[in-house]
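Scroll down for the structure; my scribbles are underneath it.
Naming follows writing order (A, B, C and D), and every chain is counted from residue 1.
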């Protein structure tokens, strides 16, 4: 049984990691940290875990040396800026690390610093592998530091990869109109995330090139296309808990039929157990992936206007964060990719 | 006191008309029809109206001659195809008509027939005025038959009109990524609209040029631009009751600053009491217009990618349907535009 | 035009007062206070009010002397303990006061101090009138300080008053199983009120005689019954915004038929414009009163078990707080009871 | 691998059975029936199951002989009245049956006929075992026909069993104020279950001794108490998908402290893996059991009024229906009780 540490348990990605590990056959939660709740049992803050493995873990203050001694792998579910320090220390101490923050996702430190803040552990960036299993499984198996992808990038990259890899569409001028459930806003006390501010409403935010997932998306799309990709990325907040649905508009580089693109997509993702290319005529729904690792993708050609429209749905905190982190840990330790991650979507 | 008839009271637009008329100072509900509920009192099917004016109206089978005798104006809240017949008959009988269906919205009968079905009362199309008060107030005042705009068109046209009228952006290649609350799916018994099929989820539908509001939007945008407009219109279903939010992407025809476009929009809609151009930095939310006639619009230039992004929110069944219908009736009878329509948005 | 002041604008009752006054024909918002948002315009914190009367008011720090100079009536939407001080000062300065907190609701200072905290302005308790218009309209008309009832007490007292006044049921051993929307939890930043902690869930709280509305309910029920009333009051949190529904169980003191009690209730509340005793067979729903002053009550005799079951629904922040406060102000200034409060319920 | 048949796949309990069996290690879905969808693949009607075991099953018309040949166990997820016929036929054909309807729950055929309809297979009633594993595990292991408990009875009986078995409270005069998510209303097309009729609202239904779960609850409580139990059972509809929370009021038969009852409950349910008696001060929430087999129970003494208040939460379609059905099948085939049922609750 592998022993996992969890740094930052009070947010939704930390909560989801604790939930997933509670039923993982080969990895168990051995340590969990929280500055605000140190000294409490995990099931005191998350009563839904009562009676499940890991529920009895007592939260501690974060301490890299202590975690390195007690754990085989440590998941970092703390904000960017915080993660880089403890992540690099844990890496140096020889423990495997999966970082759910953005700190090691961008290969170019300058780009990181433009969009985020000064990077204090730049030397570790090159040690990190971008943890999207469908694309980087080989590298992840060999990695000791995995930069777990962002939620919007996961949904966007899986949807666009086949089209860009095959040169079907123009990598510049892509529009990603993305909608996320409110778990994406985090678990901090904040008036704007209160039930009565979110329920029965819908709103855009960070419209017009302001969201920090843009450079991450463009980095991976550029690699796929082999030339610079630019996206107008525009997120919205949904009155749901879990789920992202991205509606993506790309200009077809050359005429292509619905059937051609459909079969290209089906071929491209044939071996990927979690990417479900929907049959023509079906469209994704966030509930169809709730609590699961699936990414449901539909391909539509708007022949009147010449746009290729991709719709892509994931569970943002499972597939787009904590489940993906566990998949990466599975790969790092030679376990089956989907071990502990086989839950059917919870519908309704 | 003017007497209003309401044909088709069992859907959400019929319900909303009954609600609005219950507090209108100058128009009262005098007749309401429903095939399935004929013989029942209005408040037996809508108990929330108990004790309010109109609640005591007994529903009857629809009968144009009878309605024409008893009413000064008749609102049609029945499906397209049904509305054209009774609407034309009522018009011929001399009563004023506001038709909430699509039957008289498209000036070209051939376009109607391409998107909908055969039109059996083509001769009345030319009698109808498109009932968007901000643009056609003069014509509406003189009209006897008003084609009330669709909900998506209302949100889209008000957002794009200034930009197209001033040639700011290319009228071809516009993308409208629209999200609607579930009242838009109607009040028919249907598994796909059940609470448990819609709640805590989000889904696209009619992706890729299939929604019937497309020709209506293109008709009005073409008139605004003075040359053919084409849109890729893609709707989604929100787990909310009321509200539409459209995120609209248009290519800037020439470089323009955020400030220029912001002030152009503020000037353009200065005299329109219901169009609120939000200050730079604010974005619309559907709840901010809930139960009201407001259309909140924000203008954003994505300078990295050259897209003009418009976000526009309305209450789909008030502003986008029944409230707009009452506004049109107000104009037709020389009443103040906003009489009976001054409710503040219900937030939260 | 009467000038109103509003102390504490950042909570949901403050927001609702601003919303109601925006369309009140005879009272306009002249001053509003907020420690945290002083210096900002009202519509900067509540964009849904943009363009409506009062939206331009600039928030100030609370100052009783200043408010007394500028206002005819001041509404207090601040927490208990805070309200007693500024409320008493405003009263002494001669301005009329409607206090939405609990500070002046309990006639017995000792009871107040048992359930709340030390009372520092005890001498003003006797000056206050309990502001339930259906029961105390005469006293409210003459009052200068009105203690606006709590939300749960409003729904509970209106439902039980006829039965207790007529001795139909035993005033001891009453059970009130109450369910409230999340606006009742306030607008403070708090993890437990986040969307993702409340949505798609349901929970009890303060079970077993711990909620502070108990002494207020018992005070009024005791007055109605003419002998001591005791209630087991147990609240629950609903994943909705507005609305309270109380299910109330009382032992019949003597055999009584459904019909007898139904007609007694209809007679009792005949003259009360906002209490709607539903016809036998109908039950209340919170949405049927949303955004309105109605209290919908159904009477059911469970003949198998001998319980009288009352179900009662109100909008907790309109009828159960801010709308009721405006009704009290209407009475205090000789205006029609329902002036500015005639909105039809917003359904759906 | 055991082969399971599923009669009636289009409702929520059928959907949930398909979902649970998709990840069950020892039972796989071999046949599924649906009159309306015969000929379609399971994942055509439930796209969330795409790619999971069982998704490829083609739906057929129900046929007892055919099912008996192809299956080791058949789950009946059809309405009462329909289930008794096919259930008895399958039983006679020698296949094991778990019936999720009410048809074999009531030991007294006369009581069944009073509350439901004429019973056409009375001779099979005595063959059936009431499938509440915490109470009847031994009998279930030996059974060939299991009457799966209702959702409300599951939550109510587990909460009251310890108190009644130990004579802590009076079995007459119990009040069960129950609240259920909308999956409980079924998956039939119906206006009253539409999203816009349920969301952001809350309503009671069947108030006053009218719900058909009453005789089932009273049957089991009477057995526990050893003398006749009567309940006033009053259900409400919650705007959530999954979940029941029952708030139960029982008169203490003799004085008892919170601590005594708490420790009695903890002892009573010590060996039951799914019943979680919450520590004093904690209360259940429906989300804490979502998608799981847990029943969370809290014990509170309202010492002011003498009521014992039990709050009890389950997932109505997992624990209260389909998950419990699978647990019963596990027992019938000698599998571990919780095989395939170990999912952690999905929070948030």
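Basically, a contact is a pair of C-beta atoms (placed from the backbone, for glycine too) under 8 Å apart; a residue touches a chain by one contact, two chains touch by 3 or more.
Every value quoted in this text rests on a predicted model; they were computed, and no experiment measured them.
Asks: Enter the minimum step count from chain B to chain C; a value of 1 means the two chains touch.
Replies: 1
Asks: Consider the two chain pairs B-D and A-D; indicate the one with the greater count of contacting C-beta pairs.
Replies: Looking at A-D and B-D side by side, A-D shows more C-beta contacts.
Asks: From the C-alpha centre of chain C to that of chain D, how far is it in Å?
Replies: Distance between chain centres, rounded to whole Å: 39 Å.
Asks: Counting in whole Å, what is the centre-to-centre distance of chain A and chain D, each centre being its mean C-alpha position?
Replies: Inter-chain centre distance comes to 36 Å.
Asks: Provide the C-alpha centroid distance between chain B and chain D, rounded to the nearest whole angstrom.
Replies: 45
Asks: Return the residues of chain B touching two or more other chains; collapse runs of consecutive numbers into ranges.
Replies: In chain B, 12, 183, 196-197, 199-200, 239-241, 285, 287, 290, 348 touch at least two other chains.
Asks: Using the touch definition up top, name the residues of chain A that touch chain B in the complex.
Replies: 173, 175, 177, 179, 196-197, 199-205, 207-209, 230-232, 234, 236, 238-241, 243, 245, 247, 249, 283-287, 290, 298, 300-305, 307, 309, 311, 348
Asks: For a test of understanding, state which residues of chain A touch chain C in their complex under the given definition.
Replies: Within the complex, chain A touches chain C at residues 12, 181-183, 187-191, 193-200, 239-241.
Asks: Can you check the complex and tell me which residues of chain B touch chain C?
Replies: Contacts found on chain B: 12, 15, 19-20, 22-23, 46-52, 183, 199-200, 241-242, 273, 276, 278, 282, 285, 287-291, 294, 296, 342-348.
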